[in-house]
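Note that the chains are named A, B, C and D in the order they appear, and that numbering of residues resets to 1 at the start of each chain.
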Amino acid sequence: MPSFIGSALRGNFFLMLGLWWSIKYPIKYILLKLDSGNPHSHWIHSMDIIEGTMKAFFALGGILAEQLVPGGPHLSLYDSKAQDWVQLMSWPHMTMYLFYGFSGVADVLVHTSLKLPVGLDRLLLALALFAEGFLFHFHDYKDAALTEHLYHLMSIAVFGAALCASLEVFQRDHTLLELFRASLFILQGSWFWQIGFVLYPPWGGPGWKQEEHGNKNFLTMCFFWHYAIGLLVMAANGFISQQPVIANSKVKKVKDPWTVKSSQR
Amino acid sequence: MPSFIGSALRGNFFLMLGLWWSIKYPIKYILLKLDSGNPHSHWIHSMDIIEGTMKAFFALGGILAEQLVPGGPHLSLYDSKAQDWVQLMSWPHMTMYLFYGFSGVADVLVHTSLKLPVGLDRLLLALALFAEGFLFHFHDYKDAALTEHLYHLMSIAVFGAALCASLEVFQRDHTLLELFRASLFILQGSWFWQIGFVLYPPWGGPGWKQEEHGNKNFLTMCFFWHYAIGLLVMAANGFISQQPVIANSKVKKVKDPWTVKSSQR
Amino acid sequence: MPSFIGSALRGNFFLMLGLWWSIKYPIKYILLKLDSGNPHSHWIHSMDIIEGTMKAFFALGGILAEQLVPGGPHLSLYDSKAQDWVQLMSWPHMTMYLFYGFSGVADVLVHTSLKLPVGLDRLLLALALFAEGFLFHFHDYKDAALTEHLYHLMSIAVFGAALCASLEVFQRDHTLLELFRASLFILQGSWFWQIGFVLYPPWGGPGWKQEEHGNKNFLTMCFFWHYAIGLLVMAANGFISQQPVIANSKVKKVKDPWTVKSSQR
Amino acid sequence: MPSFIGSALRGNFFLMLGLWWSIKYPIKYILLKLDSGNPHSHWIHSMDIIEGTMKAFFALGGILAEQLVPGGPHLSLYDSKAQDWVQLMSWPHMTMYLFYGFSGVADVLVHTSLKLPVGLDRLLLALALFAEGFLFHFHDYKDAALTEHLYHLMSIAVFGAALCASLEVFQRDHTLLELFRASLFILQGSWFWQIGFVLYPPWGGPGWKQEEHGNKNFLTMCFFWHYAIGLLVMAANGFISQQPVIANSKVKKVKDPWTVKSSQR
């Protein structure tokens, strides 16, 4: 059962980021649309720094959890007795967290006085996603056909987000790219939960049959149902989170109708 | 034979969209070229809203048809008696329609007062196409080598259109991208008909032999003949649909030669 | 031996285009660089129209040759006696020529008064290349591992040129893209000759052993040696073809040093 | 053991380039950021010419080393006695060096009076990387599953750098692309060393077991640990190499505070 916990933790890491972004980016978008003078950039910068710090800390937590969870490798990499590597999928997942840690550090550093190039944070996010995607892609799942299928499906979300973050290096603050990235993080998060339920059912018993043909086809569809639900959640989050901002700006509109009108374009 | 009907319905969904676009976009192009003041944008917006509504309704119809057609799954997903999933390719196709439904809703919403980001309609169209492409790509066709080949060929049209719609998020109203997208929808539509004829001949009898080597190679060519015919149809549609607009503008040209001249650049 | 002729004809089609471009584009580049007023655009347009006409005629010739060459299918597609398709790789190659014919027609039409969108010629060239690439990619070569390898290697040149032409839809008249496209056409042309020599040696005898492991690895390298030689040929062609233009402009430079100086930037 | 030397030499070629870039590009970035008048472009141009010359010479050295190293092919390509090709992976690696040689020559030529199109140097670097990537991708490793895995992993770094250099054709002097390219060269260099240690341990004995499942999964992770260390080295190099430039500019700042302030944006 430890693996269910590991999968759920990974799911939460991505779900939290995705859900937070599904609130943050619509607010940022409406703020920039309503107030052309961009006076809220300070608020957005603070959010970015807090987000980066949290990301780095959670990544550190993830590294420790992958190693020290009961049944984990406890930092041993090679079992000289059994003459085999100690892996259990924990080491690759740890490596995955490591790159998200780098990304979190870069998120913070670009807001310091170090004069780093604009877009470095997005580049390191893209690198973390590419590293994750290739780690799962080049992993050899042996005969576990269903496990391989589950991770291959996830690679759609991972590489999609990696491409999205790469584009953001060049097209920073593009709302649709930011929302698209958020939706793929939600998808990745909920899919890690699904992997947990399929491979290590928390109510005990073995996982789903690896060689069952129908399981594979059902899970392919299921992946896209996750995404459909994720899109609906994003629509709801975006709509609700914008309401207080719009209500607030309507008060201003009465006072100064001209400025608002010209900035609505 | 129910599956022939299903395939034909899917074909019609894409053919209608593609053929409509092969008329709409050339007209839009010539309107914008002749009248630099862009006075026809109202007409184009109305067309977009009607198109989105139709798309959403047809997608809903498709979902119901996939489920309730005789031989369909009738909303049952798991057959606990046979201990297997009820699929028949109907559930994945239903999932496909679901995302086109989302795309139709987005087409309408971007024209409301909700202040959604420009390009959201194109992004959701791209998502629908990517979802369709990956649904077919990750489906396991078991030993049905010819069925797999038919869907793999179609994925050229699907992923091609998905990339095209993704580019349109950034390069909106690019005539060549719009026409390219239309041509791939026509291809996809006529190919769904071809799939129906190959796998479930409407005049009865079994489908073509799955393991026949020559069938595979013939259908590869056949796919591109479909595209060649589709391109000719598009050229004809574009040419014919532009004639009334040009004739109409020539009348104007006599009256006001100067404006037209400067807008022909 | 008919197949050697077919392969050589295909090779010449692409070699001629590539070599012509390796002369045309450097001249166009130096003309635009030396004369900022772009007075040579008329010459370039004429070249484009002649090129398109030639391309369409050669494509028509290729279609007829593929069908009517001794040993070709002579327009028969299905042999009802043997209950099998008549293919021999001639039909796919005919389909390939068909799309290049479309591309040639488009090259001419964009220079007429039809007001076609700018870039349509490049789009149809890209479509012809993509069609060719997918035709070879989805062909089933059965056990002919070496034939498959030869066509897979060529697909690097085909898809590379397809991507290049797609970019040119958006970045028209970009010298490096034009030169890159030329180099890949030269590669494709010389590789068709190589395929002819490997599979149907003109001095008789069987082709190289299909299952020989070393043949595969040698031909992989050989493909890049073709490209290395192609690059050297392009460098020589570009250098030599620019000399008369530069010599000509130096005469002008004496007369009017100021204009030339400012346009050298 | 000769093969360990070959692998180490290749590793050094890429490591040197990558490490040099990890120093050069941060300095170039800070110079351009601090001095808006771009007075250091002469220094950067000189560096480019020296770099190109060195690259061409090392490539020539690599070609000779691959051929003449004890155990190399000594320019013989076909062993007519054994009726097989003489390859040993030396010929493909020689071909790889050949294209880097072209790239080095182009680096120098773009700085001459030949009026070559801007970006030609980046295009030829991209071609060298694509050629290398496809050479390894289309090589048939027979049953050497681990060797194939090692080269497939490297193709991430190779194709990544190829895409990066292709983008630089259009977005020249983009600091993040330059740094990203440097990081992938460091990765490729250190991975060539890793390949040497895995396949031909310098302390004698056979290489790692090719068919061992765990080896494959360990090396996948190991590849990304190489990259993580490479990123840390780049961060250190970039930080340290910028210090003298910043210190130097602070002296100026005292003298002329206004210019520096406006250029810090």
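Everything below uses one rule, namely that contacts are C-beta pairs under 8 Å (C-beta built on N, C-alpha and C of every residue); 3 or more make two chains touch, one makes a residue touch a chain.
What you see is a predicted model, and the numbers here were worked out from it, not measured in a lab.
S.K.: Which chains contact both chain A and chain D?
M.R.: Chains touching both chain A and chain D: none.
S.K.: So if I look at the partners of chain A and the partners of chain B, which chains show up in both lists?
M.R.: Chains that touch both chain A and chain B, as defined above, do not exist here.
S.K.: Mind checking chain B against chain C and telling me if their interface is mostly the same residue numbers on each side, over half, or mostly different?
M.R.: Homomeric contact, different residues on each side for the most part.
S.K.: Measuring between Cα centroids, which chain is at the maximum distance from chain D?
M.R.: Result for the farthest chain: B.
S.K.: Using mean CA coordinates as chain centres, what's the gap between chain B and chain C in Å?
M.R.: The computed centroid separation for chain B versus chain C comes out at 31 Å.
S.K.: Can you compute the centre-to-centre distance for chain A and chain C, using the mean CA position of each chain? Integer Å is fine.
M.R.: Result: the chain centres lie 44 Å from each other.
S.K.: Which positions in chain A are in touch with at least two other chains?
M.R.: Residues of chain A never touch two or more of the other chains.
S.K.: Flag every residue of chain C that touches chain B in the complex, lowest number first.
M.R.: Counting only chain C, the residues touching chain B are 77, 84-85, 87, 91-92, 95, 98-99, 102, 115, 117, 119-120, 123, 127, 130-131, 134-135, 138-140, 142, 169-170.
S.K.: Flag every residue of chain D that touches chain A in the complex, lowest number first.
M.R.: Residues in contact with chain A: 29-30, 33, 149, 152-153, 156, 160, 171, 175-176, 179-180, 213-218, 220-221, 223-225, 227-228, 231, 264.
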